[in-house]
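Reviewing the structure listed below.
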Amino acid sequence: MIRVGIAGATGYTGAELVKLVAGHPGAELTAVTSQSYRGRAIQDIFPSMRNVVDLTCEALDVDTLSQKIDCVFLALPHKVSMNYASGFVEKNVKVIDLSADFRFQDAAAYESAYQEHVSKDLLERAVYGLSELYRDEIAATDILGNPGCYPTSFLLPMLPLVRQKLVQTDGIISDSKSGVSGAGRAASLGTHFCEVNESFKPYKVGSHRHVPEMEEVLSLGAGEPVTITFVPHLLPLTRGMLTTIYATVTENTTEETIRKTLLSQYGPDTFVRVLPRGEFPDIRNVRGTNFCDIGFHLDKDSGRIIIVSAIDNLLKGAAGQAVQNMNIMFGMAERMGLELLQGAL
Amino acid sequence: MIRVGIAGATGYTGAELVKLVAGHPGAELTAVTSQSYRGRAIQDIFPSMRNVVDLTCEALDVDTLSQKIDCVFLALPHKVSMNYASGFVEKNVKVIDLSADFRFQDAAAYESAYQEHVSKDLLERAVYGLSELYRDEIAATDILGNPGCYPTSFLLPMLPLVRQKLVQTDGIISDSKSGVSGAGRAASLGTHFCEVNESFKPYKVGSHRHVPEMEEVLSLGAGEPVTITFVPHLLPLTRGMLTTIYATVTENTTEETIRKTLLSQYGPDTFVRVLPRGEFPDIRNVRGTNFCDIGFHLDKDSGRIIIVSAIDNLLKGAAGQAVQNMNIMFGMAERMGLELLQGAL
Amino acid sequence: MIRVGIAGATGYTGAELVKLVAGHPGAELTAVTSQSYRGRAIQDIFPSMRNVVDLTCEALDVDTLSQKIDCVFLALPHKVSMNYASGFVEKNVKVIDLSADFRFQDAAAYESAYQEHVSKDLLERAVYGLSELYRDEIAATDILGNPGCYPTSFLLPMLPLVRQKLVQTDGIISDSKSGVSGAGRAASLGTHFCEVNESFKPYKVGSHRHVPEMEEVLSLGAGEPVTITFVPHLLPLTRGMLTTIYATVTENTTEETIRKTLLSQYGPDTFVRVLPRGEFPDIRNVRGTNFCDIGFHLDKDSGRIIIVSAIDNLLKGAAGQAVQNMNIMFGMAERMGLELLQGAL
Amino acid sequence: MIRVGIAGATGYTGAELVKLVAGHPGAELTAVTSQSYRGRAIQDIFPSMRNVVDLTCEALDVDTLSQKIDCVFLALPHKVSMNYASGFVEKNVKVIDLSADFRFQDAAAYESAYQEHVSKDLLERAVYGLSELYRDEIAATDILGNPGCYPTSFLLPMLPLVRQKLVQTDGIISDSKSGVSGAGRAASLGTHFCEVNESFKPYKVGSHRHVPEMEEVLSLGAGEPVTITFVPHLLPLTRGMLTTIYATVTENTTEETIRKTLLSQYGPDTFVRVLPRGEFPDIRNVRGTNFCDIGFHLDKDSGRIIIVSAIDNLLKGAAGQAVQNMNIMFGMAERMGLELLQGAL
């Protein structure tokens, strides 16, 4: 039984972590922190947890926390996490960071998208937590940068194909659509019900922060610099993400090759499901689960391939994958505590 | 490990049962039936269950099924269940029926709302499965009528108060609001997205079939005939139900008495949560859980009391309570397999 | 052609007014004010109005405005409007106030629900703008308090019945459900998409500010003090309101009497539609229109009557009724500029 | 005052036409037909139209209808319209067909996507009703094929650019997202509220019927055969469509050139609004209007251009554009009866 703390427990990702860890058979939730709700019981903030989780939000004090936890999830804003991670690592607490602060190999790439990095030593040995594709490195690390939801939905299908040189690295397009919970729990006009409901729009066209994260990982997989075109859109629904990817296959690449490559990467015991020919993902089928569904269509004549992936942005795109990574880091069964099945409705 | 079958597995309630039983630590799902999808794999019908549930829909044959199950859930239409229940009972398979067919003590009440009852012997000894209020009878039965969602949301708060004579039995009003999944999975203009979305309406005003069920149970609790005014409404959301009840308390009844009565009925280990003073249920807090939340406000001067309850219509209002009843009938822990916590988002 | 100004044009009610007045054949929109967006073009704030409305938000200066308008809509917060109304009236600008500040005859009732009233003289001669029921007074006034959305949906069906003594004034219950736009455009956790979507809840149980407004008007109609039980709920949709009213009819009152009374009050040329027997309102049918739909069911044996009304909270419940009142105050056709028909989808 | 008939008045597009024509100052709605609801009043089928439209659905008889109309909208299924169009034309009734039957110049293209065409003579002289781009031809015709919603949202931004050779015709991608009303009013599991709500998915990947329509028009504009990649998706909202287009500009094409070309095509008096630099469409801003909003972003280094357009699928994508075409065909002001402004909420 490992002891777990969650820093930033009262955002949407934090709350998902609370629920997952509270129900995890191999973990015990021993501490939650919150700046905004310090001193208040978690079940007062989330009445859904009444009679289920009985903890009070405390301050984020590394020394105090380290005495009662073996693992900490940092569900903090970008640029805040990096101030706390090394303190935990020094006290032998394994760190799973859900911000962008430890996702980059290249500090310069991080700094151009965010700000100066104050913990470069740690960044250097941090592991990128795309569970199925970096499993060995994850098992060995004590500092992990958990991927963003957009990168997860894009890289799970694309990284294996790029590694095997099945798609051309030039001209890759990712048209991605996310539910509103991806914008976080802070109130703003942009997340007001009446502004989002019955609406749909792209945002940050040409400048989204997740692009460098996707490009760095893809470039490492390709062995050469790759740039992509990425447009995020806001869906009028609470949770879920669907990404439609357009690319061109390399010469001699067939539907068969693509399918075999994906299936050999993602067996039936993983959280990635490669759909049968002619079937495509629907957010409905992954909502409330840690699954990523992938379907694709290859036009033989033109060589154009359309790849579609779907995840629950709060689970496989955040808290679910983070718990999966915890399982790997602590030598537990990878699916433990994640056998949810809420997708039907 | 008890062996479980689900008849009518491809409706919304059936699919919930499949998910719950598949994830239940004390049960093994060994058979599913479907008339419409006979011969097809459950994961083809519900792609969310791919890699999770691996069963094929078979015909509803009592003899064949009885050899591989100890318990059957009948998620069949009203008036169909009663043709199958006695066959199962005779073969020592315990029956949990989710239709209205075994909810009534009084066959005449059933027949006035539905049609002739073809299994009156069995009806006579069937137990009404409102778990927290008929626990002992449920533990001893092999034929159970699982309550409707409207009656569950109404009776959980009201039955204890009526039994204790804390509210007047005259003039009770139940203004109830249900999500669309309560209407079932059959396609109709009434459940077309564009007809429901951004809309809200009452339906079957003055004539809903659930009224006799509520009135019979309430009358038994009161020891005298009770009639109620009930108006169901259709909410533009998938799952959840909230009921606002208006009544008048009896002389000398105080807020204290009401609260104590509810709390003594529903301890912290049950699925009913009595909210603190000034707090009221929100469907958000019970969605995806088996909880029923109850809040109330008593106007001292007028004696008018407003009671609000919320449930997930597919869980505490159907499949969740059915599994809770299975737990009781088979001597398992009442909460086993139901410790969901999906209410935060 | 009357010249119209809108103060507080950038809230949801203000924006509705802008659209209605801009498309009104008898009115010209000559000024809009906004504290938050002063100096900015209205079409920058509401891109839907690009190429349609070409005005810039100015400060709320009574002197400047009065020179270019004959009529002002005050779509300002409660307690702000009363500081401006008398200034406009003095300059012969007719005032239609959409806050609560001029809805009460009895200043004390206002003050107990809100705060001290600073314009009591004006309050005394202000007219309550329930168009169909105070038409003559409205035609003669220069200061009008436009009703709230909850009171409108409740009073349109109830006031005629109470005036005719067809329902008992004791024990009237109003169970009301409103779309989110009723909460205004200000960002808050309570209006965050993820908190409202797929949810439903009552709020301010036992203490809503609209109660005194409803009780005062109803009492005047009844000729005796009437108190009501009122519970507002929040619907997961943008616009629309449905109210379910429970009451008891007086002796000898029949369904016929009720229907005749309502029909004689609300002819086919008004914005109130009394539905045929057995039909009930649906928000879908009034959304985007200025109509109020009313249906009812009388249980002969018990004398209990269920009355259901539906409006668009931003139109008949706010901006639409305000424009209807403007039409009456300026002697224009009552339906001018309001012949919208957006209810089908 | 022209006399108008609507054939197929009880589908979603038909109902929009009824509303638009009923409120049109230059037209009189004199007949509506419906196969399913023959003999029933339109306001019984759409209670939102009570007291507004007073017509009864009749059979679709060309002879009878032709005596009372000057113009007919055929809101019939594909493959049905072509059986009626020539009859009307022969009787001097101008035909605006909203099915696919008269959208193609090339009968073979139609036949490969649909079935044998039974009215090829008429097809040959039919005009494609993309109002802003074929205005002169529209003014002169008596048989018009009204464009599909997907083609409208794609062609309005792309056709001017392709005509001017500003984008390469190779590798154009259209990632399009539509509201549910686009699927029509027929009940099916696919449009069941619970299947669509909180979901999002692509459909008919690699095989959508609208592709030939888009490719034919684009090819004519380019003067060479053009093929595109098109993926439609289903949004969980009632009305609206947003299309994200990816292409590569030709050499020397700058942002300036693109903007100038679009602005010279679409002046401020048209229904197409070219948004300022850095702004992108939102379905919210066009919902309930006949506008098409267009925004774009050009990456100078790569030459990749992202173009986004938004329309209301039932208005500019169907009934609105059809009425706009009627205005042009009958020499009325192009915006008459279409000055709606419902986009703010």
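Each chain gets a letter, A, B, C and D, in the order it is written, and its residues are counted from 1.
Everything below uses one rule, namely that a residue touches a chain if its C-beta (ideal position, glycine included) is under 8 Å from a C-beta of that chain, and two chains touch if they have at least 3 such contacts.
Remember, predicted model here, so these are calculated numbers, not experimental data.
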item	value
Path length in steps (a step moves to a chain that is touched) from subunit B to subunit D	1
Pair of chains joined by more contacts [C-beta pairs], A-D or C-D	A-D
Of all other chains, the one whose Cα centre sits farthest from subunit B	D
Rounded Å distance between subunit A and subunit C, as computed from the means of their C-alpha atoms	46
For subunit C paired with subunit D, centre-to-centre distance based on mean C-alpha positions, whole Å	37
CA centroid of subunit A to CA centroid of subunit D, Å	39
Sites on subunit B at which at least two other chains make contact	12, 181, 194, 197-198, 236-239, 282, 284, 345
List of subunit C residues in touch with subunit A within their complex	12, 180-181, 185, 187-189, 191-194, 196-198, 236-238
Interfacial residue positions of subunit A with respect to subunit D in the complex	171, 173, 175, 177, 194-195, 197-203, 205-206, 227, 229, 231, 233, 235-240, 242, 244, 246, 280-284, 287, 295, 297, 299, 302, 304, 306, 308, 310, 345
Complex contacts: residues of subunit B adjacent to subunit A	12, 15-16, 19, 22-23, 46-53, 181, 198, 238-239, 268, 273, 275, 279, 282, 284-286, 288-289, 291, 293, 314, 339, 341-345
